[in-house]
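The next part holds the structures, each set out as structure tokens.
Okay, so chain A shows up in both of these, paired with chain B first and chain C after.
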Partner chain A sequence: MKQENNIKNDLLNLFSEDKEFLPFRLFNESIKNIIKEKEIPTSKTEQWKNTSLDAIFKHKFELGKKINVPNQFVDTFSFYGSEADRLVFVNGFFIEEKSQISQNKDEIYIGSLRNALQTHKEIIAENYCKTGLCKHNFFTAINSEYSQNGAFIYIPDNVVLENPIHIVNFIHGDNKKVFSQTRNLIVAGKNSNAKIISSYHSLSEDFTLNNVATEIITKEHSNLQFYIFEGEGNSANLINNTFVNQHEGSTFISNTSTMCGNLVRNEIHIDYKGEHCETDLQGIYLPDKEQHFDNFINIKHSKPNCKSNQIYKGIIDNKAKAVFTGKVYVARDAQKTDAVQSNKNLLLTDSAKVFSRPQLEIYADDVSCAHGSTTGQLDQEAIFYMKTRGISERKAKTLLMSAFIGDVLDKIEISAYKDYVKYLLNRRLKGQKVEGLCSLQICPSC
Partner chain B sequence: MAKDDKILKELQDKEYEAGFTTDIEMDVFPKGLDEDVIRAISKKKEEPEFMLEFRLKAFKYWKEQKEPDWALLNYEKPNFQDISYFASPKNKPKYNSLDEVDPEIIETFNKLGVPLEEQKILSGVAVDVVMDSVSVHTTFQKTLKDLGIIFCSISEAIREHPDLIKKYLATVVPARDNFYAALNSAVFTDGSFAYIPKGVRCPVELSTYFRINQANTGQFERTLVIADEGSYVSYLEGCTAPQRDENQLHAAVVELIAMKDAEIKYSTVQNWYPGNKDGVGGIYNFVTKRGICKGDNSKISWTQVETGSAVTWKYPSTILKGNNSVSEFYSVAVTNNHQQADTGTKMVHVGKNTKSTIISKGISLGKSNNTYRGLVDIKKSATNARNYSQCDSLLIGSECGAHTFPYIDVDNSTAIVEHEATTSKIAEDQIFYCNQRGLDTESAISLIVNGFAKEVLNKLPMEFATEAKKLLSLTLEGSVG
Partner chain C sequence: MLQIIDLKAEINGKEILKGINLEIKPGEVHAIMGPNGSGKSTLASVLAGRDIFNVTGGKVIFKGKNLLDLSPEERSREGIFLAFQYPVEIPGVSITNFMRAALDEHRIHKGLKPMPAMEFLKYMKEKKALVEMEAKLEGRAVNEGFSGGEKKKNEVFQMAMLEPDLAILDETDSGLDIDALRVVANGVNKLRTKDNASIVITHYQRLLDFIVPDFVHVLYNGKIVKSGGKELALELEETGYDEIKIKADRS
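This part shows the complex of A and B:
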């Protein structure tokens, strides 16, 4: 206990008062108390049972600094090409000169939260800290209080964005162990339609911890697609919390690809504020070596007639660990809820480990809920069949693995992004070097 | 719709039919728990020294423990100092025939529909009757004795077969396993013991009927079943309890040990007093049941029908240690009114080529909550392990809850683990179809629920299946059809 307090104090000491954090306490003053109350999760915390942070907090961090990023890196990760609007962040600082915003017309806002405070203060005040994120846990609380900056995207009512928006998040240790935070807010107005990619990369091989929190509000009948691409370095750690509030008739689709990182914890929380919403959460994770990827999903069906779907698939290699917790909560009066959950895992070695917890908590009777979880290995018969047709064993395995993951990737609706993820995946499965993705060069069992 | 509501209401209002109290003089310890009480229990039971040590050690550990609170249950924590830890019928001479048994006991069982003599003659079931804590009557002792089978109360086993007890007791569920297992280890008063020797196939179904009888006596049963190499036994456990308003605590421990090529089939029908329709009273059922497939090719199967208890906290588990060992778990849990059940199983795969199957059916009515919580843990050594789990929940009425919390941990790439769960209410098209064929809605619901649970009920031994179906109908059909 004492040790945990020390870790907590060390972290809090990073945010000494002279630093310029986003002035969000203007909107919400109680967060300091929450930080005081909440503890850093330990293995005794049920929701963190299989994900231990002990190894991370053995290191002493300092706060990330604003560092400019060379052009070639930005270009490497701009996989959508020149058409996408691009917001570039390094260690949670907005790099305006590398960002590229073309769709900012009428009322649309694509930019940094800090800048938006000048022009869109009311909209921010209306939506900030309204999803339950701020009070969720220690990490979301410190993010709410001590973030430097983050993306703010506001799509006004009835606006359909043609091109996707890409938020590029870099973490750069600069030979130091760095802790950084980014705070994003996305508001999709009534009947609007947009696609957003949020990607995470490392610019150095330093030991880093990135604490990201994103709040998303989808207003009535809006349609938002949110793609998360995680490819930080081998010693980079990422805690990524996303809270979504969906209003009547809105559709939210997310697709998370976790390719690399030391420890990655993704949390997606969905809450319905109106009826007839649809949610589709997809995800792939490919942990290798001693990586640890954890996906935590909590869908709260507090309103009737909503539909949610989760599909998460993972290939676990080497000594890696994967955790999936998918919770569906159906409140008493949330009748006609339709919730489906599916988690499929492929273990490539005997040292790989998977923890799967698909959970249903249902208090309404007129619902249709189902979940499924499977864990297994590659089908030997299928491999044999392909071998008899002259396909090498290695190629057969790669084919089977990409087919296994393929149906999740096929759901991606931005074709350039889909091609990029597929390209990386195939290189990864073939054991080829993936430029800039992370330093993982070979996939030993391929 | 109005008719449906009426049916549902009738169903929920149904009083507990097996609720009545038997008046037999009892020898009861004063309330409270400390080392002296444990010493007194041990002395009263004429136990050897090692048992007392075992109990005291468990008690010491229990004092250091906190009551678990991770289950999705909401109840008033029992006051462990407000419970009497020993109760036994005062007149306990050894009976030679049924005539000598206190007629009231016979009457109790007659009310329950399990008359001893009928069972003796018709079903060939040997019944070790546990009236509260001390064994009163044991039948078919002779048939079993000829085969070398030991089937007696655990206190008798402690006196007569201390070697076996010393060797096997608390090897599957150690005293330090959990809060309630520790409590049970410290204060258990009686229970059953069965030992099936090598190569023997037990010809009858061993059966114990438990009844909690004296007000304010928690019951702490201890069951130990050992199936030696190549043997087979089917063990039945059934519970009913009289109706009363105070919450009663039941913290049993069941241990099964299956040696090489042995098979144990353990069936439970649990119908303890669930409290009245406002949720007052009812039994707290905090049970630790665990079996170990110790030898190769061994098999343990759990079948349970849970209809009673106000609060249930129960996870019959199997450790599949022997290579090629197999375990099955079949469960039907029905909760009504304010009942809460957090139940499921654990399958820990250690040996190679181990297989487990989990079929769990939960039915929630009224304001009840029914949770499946299960763990499938494939250890690194469990090459080619296989698990299939299926959990279905049926919701009847709009105020109940059904929850599924499976935990799946896989540490071996050759394992194949599958889990499926569905939650739904009785489909209106199914009822409509039955109506169309001339069945009224009442019979339709009954038919659908029975069909829903059939997969599990079919796994029960013949003798038990009848009782299980009767219990289901008590909670469901009786008022529906």
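This part shows the complex of A and C:
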């Protein structure tokens, strides 16, 4: 216990100096009490029992600094040419000069939270800390109190955004072990429609910990697609919490691709504030080496007539480990709930591991809930069949793996982004080196 | 084209093939018949390179090369094709992508460039017509949810695409009604040339009404116990395998 307290104190000491964090305490009773109360999860914490943070907190961190990012790396992740709006963050700091915002007209806001506090204070105050994120756990609490900056996206009522918005998040250790926090807030107004990509990349090989928290509010009959791409370095750790409140008749779709990182923990929490909502959560994860990727989903059907769907697929190689927890809670009066969950895993070696945990808690009686979880290996019969047609073993395996994961990627509705993820995936599956994935080496001349 | 010399093979220590001898020349069709468990499918599997079987003796020479030294994919690229008794379902891999990958490997092996996309689609269309395969099948995943007849048609379609020197048809008639059998057999017959050869493995004489063999061999207990012309198949249809079994067991 003492040791755990030390770790917590070490982390909290990072914030003790009078640094300029987002002044969110203006809107909220202080979260400091929550921080005091919450502990860093251990293997005894039920929802973390298969994901240990011990190895991460053996390291001592310092806070990430504002570092500029060379143009070439920003360009690497311009998935769809020049039309898309782009917000660039490094270690949670907003890099305004590398960002590109063209859709900011009418009342639309695409920018940093810190800047938005000057112009959109009321909307931020109305929505910040309203999803349950702030008090969820130690990480979301410290993120709520001590974040550097993050994205604020506000789509007013009835606005349909043609082009996607891309939030590019870099982490850069600069030869140090760095801890960084980013806080995002997305508000989709009534009847609005938008697509947002949030991607994570490393600019160095340093040991890093990135604690990200995102709150999303989808107002009545809005439609929001939220894509998460995770390709941080082999020594980079990412804790990524997303809390969504859906209002009546709104649709929220997320698609998470976890391609690289040392330890990645994604949490997506959905809560319904109105009826007739639809949620589709999709994900792929491809841990390799000794990587550890954990997806935790929590869908709270607190209102009737909502429909949720989860489909997560993973390919686990070498000594890697994957964890999937899909929690569905159906409240007593949430009748006509329709909840489907599917988790499929492919283990490529004997030492690869997966923990798949569906958790259904149903208190209503007129509901339709289904879940399925499978874990298997590549079909040797299919590989032999392909070989007898002249296809090499490697190619046969690649075909099977892309087929396994392909239907999840086909759901991506931004075609340039879909092509990019498929391209990376194919190179990964063929065992080829992928430019821009895992780490971007800073070249001396740039 | 193919010489099998005293071929012996086992699985889990149990000897299945006990010394097979067979020679096949270009243009010939050889039928291999025999009762259940005689080793017919094992012979097909060993020729295709399935590694669960352990070759314990003998030689197989294919176009001057030692076939047993080659991997299954190399055998295919050299011109061997096995039409499976139970074609495997490959969810998520479309027939187009599957054939594209296979044909590319064959062409690279021959020192050719992969076929341009338009040309490939045209080529595929021609071959589909040959086996009367419905257009709707090409977008679907390989064998997934196919009927028995569709699966066998798909095997012959793949054979048409890859144009093998030696095709081995393993119980291609099993699970087919008479109409599907006719379509599949027609496809095989259309692919026959004076330069290629086939081995037709079957339990019943029925298939041989459609694919007429030059030679018929009876496999029993891991050995070829009788060989003859196409009339041998008719003879067997009448007498059954019992007489041959008794004779073989006695010797």
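Convention: the second predicted complex is superposed on the first by the 437 of 446 C-alpha atoms of A that agree within 3 Å, B and C clash if a C-alpha of one lies under 4 Å from a C-alpha of the other, contacts with A are read in each partner's own complex, and residues count from 1 in each chain.
The definition used in the following text is that a residue touches a chain if its C-beta (ideal position, glycine included) is under 8 Å from a C-beta of that chain, and two chains touch if they have at least 3 such contacts.
The model shown is predicted, which means the values in this text are computed figures rather than measured ones.
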For A:Thr374, select first, second, both or neither according to whether it touches chain B, chain C, the two together, or no partner. first
Touching A:Asp350, do we find chain B (first), chain C (second), both, or neither? first
Counting only touches as set out at the top, which of chain B and chain C does A:Glu46 meet: first, second, both, neither? first
Thinking of the overlay built on chain A, is A:Asp365 touched by chain B (first), by chain C (second), by both, or by neither? first
Chain B or chain C, by number of chain A residues touched: B
Pick one for A:Gly406: touches chain B only (first), chain C only (second), both, or neither. second
Once chain A of both complexes is superposed, is A:Thr388 in touch with chain B (first), chain C (second), both, or neither? second
Where chain B and chain C land on the same part of chain A: residues none
Complex interface listing, chain B residues touching chain A: 70, 72, 378, 380, 393, 395-425
Quick check: in the complex, which residue numbers of chain A touch chain B? 46, 332, 335, 345, 347-377
Interface residues, chain A side, partner chain C - complex: 379, 381-382, 384-393, 395, 399-400, 402-404, 406-407
Can you list the chain C residues touching chain A in their complex? 48-50, 71-73, 75-77, 81-82, 84, 87-93, 97-98, 101-102, 105-106, 109, 141, 158, 162
